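Just below is one structure, and these are the notes that go with it.
Order as written gives the chain letters A, B, C and D; numbering starts at 1 within each chain.
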């Protein structure tokens, strides 16, 4: 008796929640949950790559009249939660979506750590989890444990491998020598990439002439850039995060670190990067990339800017949107809100997205992903990938002007 | 008086038993709230055990918590899980002991900042060691369920309350009350104030480390940014102060309403969560200067006086 | 050098604050069952001497010993445990605790340590002794001024000290209370307790003290029975000079 | 030499972050946990004027300063003064201030999110190399350093040679006695708090020339500022400046000579050591 009352209370709360969210659309709306950081350490990145795409996707689907579910057009309704970049909050929010809001589907959260924290909950409730911003080298183990989890953005080995590949190509073309200065931000992401890159560079015949790390939140990166410059490298590679990606680039300009290959990792593909450095960004290499010249991406980018008022970045944004497209196509193809069926459909099919075709290997991993891009005249083109089409040839950077 | 004490104990045991039934009745959402409440109860209560009587505000919770998470993260592939919890506890207690010994000479506000700096220092050192040894992000893939974690936290809460209850009735507890009122008197009455404080500081150190170790499997993936978030220290302080540190159950009555408030706000206003939380927070500070304990006790007094007149 | 049955001995005790010498080369003995008055004009170093004995301050030079055991470098809590208990010039009670618990603090952590009902009983007995038994469960803020002083005295007594340090315990009392206060200390004296009184009230010194040490500007200027020192011209000059200023 | 200049430039940044808090915490005893948010707000103002209207951040600060001053004056008189009145002891005021300003920092983050969103904001300004004693440095950092010198110098002179400045120092040392000698403690506390806020916001505007900020980064600055203020000695302007410079030089030394991965660890270690061996801070007065 008491238990039933408790449930009733819970249901009422959920209803109140939904109403208060101000998103109560038509009655037959499909409820889609979205959890990500609006505050906290990763809020800056999520504000560029994640949230605008949630908005854009909901807009696109509803503009078309909604999701076609067995012939019936049903609009989508997004229920958003801020996880404050705190895995405990992510877990709670996903659980709230699953049990209180009774969301039909839940979009994967933002960032590796938060995706992994949420994975057991997605798994328990059988939600398909098409991740878009999780980078992991443990995909085999994770996909065995969480069979509904899909990976699109790749792993550290691929990302680092891409950089080695690009530098090798440039060396073979006589554009650079074989001396590499490498730095990394000392957190899980930077450490993992540096660990993978070290032997890969050695194997490709590169000499690492400078190799160091710096803590997240370092306010003055000039000693690092000075140290790198003193080693007189031919290429500079930084496994960096947003604030330091900007900081390292600016210091490199100031120190006159005129390498022919200059690479910074996360956030290099952000529009704010080109916005800040303008023409100086030309030739800068960075993590990710897209087939920027493809019609599908250009059309997407235009729509993104029109609907959200901001430009997408040239890496994760497109992948975030693509992951939503995958979910959307699978739901429409299955023609119902049956999570299990949708999950199964995702596993068995390829999908056409703004990033091109996405298909899975035996580990639910999109094995073909972009690894390196390069800025050129305000566009960040993919120059290396693990098998995607549309890559252009990398060019040597010619100074900071 | 004696009987009262046993009644408290029995009441506590009953409440704990009731709380332990949540996983069977509550469903997974309520369970996740339960985990949050249990976690903050453990952290805030143990925090208040030390900070209540000494008035020292420690912001080191996250340092101990992070050490615990890392103990599990690093050890899970090598040692049985159950061994990791006591190891985490010992590590936390030892670190707390060292900090205590080092900070004895510091007066109140310096202690606050010291503990804050300590948390950052520990995070930096762990990060550096991780980088140095090429340790990648840590995955804690176990079969431990949310309910297991909840029960473990409840068990830990039980231990904390029992410990707090026992300390309250011991010479140490009495000494701490005296220290809290007037440290000079305490010293001149023959109390080794330094030792009492160090011993007591080890309690929240150990408890927070164990809590971190328990929660690591829930986070699956551990990195310094997530394990050592300074927000945790602040939240613990705030919940404990909201409840009131003068009573053993004080932090509990801060944690529960705060969790629900947090929940209600973040569920209803995902885009203004931070703003509204801040506003609520300010309201509480201005309207409930003595915390919920103060509120409850004045309601009690009021009820009593009504009874008196009736 | 030490008097045969001295409980407490000071030898050459000196304490400086920056350039100021607050206590200069103090030496005296307190013998068993003796009430010793430590007197002198304001700022003469009496309270500093008391703080040095109780361990609130450490001396820069010289030794303080309790029955031959050195105290001078020990922290306050160890000195208290060895049996030196003090009251404070400005009464210090524990505001959040009952009167009984205030007294218990002495009983639990003092020279002789008790716990449980033994401590409660002992604390209660001490409260009765200072005449506050019926206020045992009051809180300090409800007490009159003299009663707060009594609580502090009871706390000190509850630790069974070998020597009691009373720092201007009689200061600030009205004439009626002063009479009660003097009677209370006299009762302690008659129990055979060893006491050092820092005091301004001359009547009290005359009627209570067996011996007196007079300080001026941090130095001992006289020592002897109250009658003897109070008629010493140098002492009179020290007092009058001070009073005239 | 190179290391020293780099360190001093970084120290200038730190001084900008911390001197405002020193006024607020050192003089008025409000440990302002919303300090970092104010820095970010100052930075955002500079960003906005630079990108939208091409106004130099060096000019924007003249607009930011009076606005921040007024805002902080309001915060003090409306929100903090009742706490000061209510507090029975300094300890209680400190606790109340921590709680209130913590809430305030949440509100500030929330308002910033609502107004500017959570995106990073960064712009390039004076990112030109300047040759100095054979090494190159960013012009924007040098400008910020000069800004720090001007601000600290002005504050120092004001605190030591003006009547309100001297009165504020008297309040910091002995609020009770200050009242006795006829100082209007309430008014001057508000003045010091507001001035501290203005300096903090200006500092934020200056550092935004080379640091990338977003709405949530404030807490990082709060931590750093607290550490510097305590390390230098609460309520002592010289101490804060020396501590900021020392920290900058130490960090750049560790980064250049030892391992950049240890910079922050070294900074915290220095801080903890200072606390242990000189708990009142480098220039602090001994505890009364």
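By our rule, a contact is a pair of C-beta atoms (placed from the backbone, for glycine too) under 8 Å apart; a residue touches a chain by one contact, two chains touch by 3 or more.
The structure presented is a predicted model; accordingly, all values stated were derived computationally and were not measured.
Under the touch definition stated at the top, chain B and chain D share these contacting partners: A. Centroid to centroid, with C-alpha atoms defining each point, chain A and chain B lie 35 Å apart. Each chain gets one centre point, the mean of its Cα atoms, and the points for chain A and chain C are 74 Å apart. Centre-to-centre spacing of chain B and chain C amounts to 43 Å, using the average Cα coordinate of each chain.
Chain B has residues 124, 127-128, 131, 231, 271, 273-274 in contact with two or more other chains.
Residue positions of chain A touching 2 or more other chains: 38-41, 85, 186, 213, 215. Under the contact definition stated at the top, the residues of chain D that touch 2 or more other chains are 109, 113, 259, 261, 264-265.
If you draw each protein chain as a dot and join the dots that touch, the picture is not a line, a loop, a star, or fully joined; it has some other shape. A complete list of chain pairs in contact reads A-B, A-D, B-C, B-D.
Chain contact summary for the complex, chain B toward chain D: residues 55, 57, 102-103, 105-110, 112-114, 116-118, 120-121, 124-125, 127-128, 131-132, 230-231, 234, 237-238, 241, 271-279, 281-282, 285-286, 289.
Residues of chain A that touch chain B in their complex: 3, 6-7, 10, 16-17, 20-21, 38-41, 80-82, 84-89, 91-93, 95-96, 98-100, 112-113, 116-117, 119-121, 124-125, 136-138, 141-142, 145, 156, 184, 186-192, 194-195, 213, 215-216.
On chain B, the positions that touch chain A within their shared complex are 25-33, 35-36, 39, 124, 127-128, 130-131, 134-139, 141, 146, 215, 218-221, 223-226, 229, 231, 263, 266-271, 273-274. By the touch criterion stated above, chain D contacts chain B in their complex at residues 31, 33, 79, 82, 86, 91, 94-96, 98-100, 102-111, 113-114, 219, 223, 226-227, 230, 234, 259, 261-262, 264-265, 268-269, 271-272, 275-276, 279, 287. Within the complex formed with chain B, the chain C residues making contact are 54-56, 75-78, 80-81, 85-86, 88, 92-97, 101, 104-106, 108-111, 113, 115, 155, 159.
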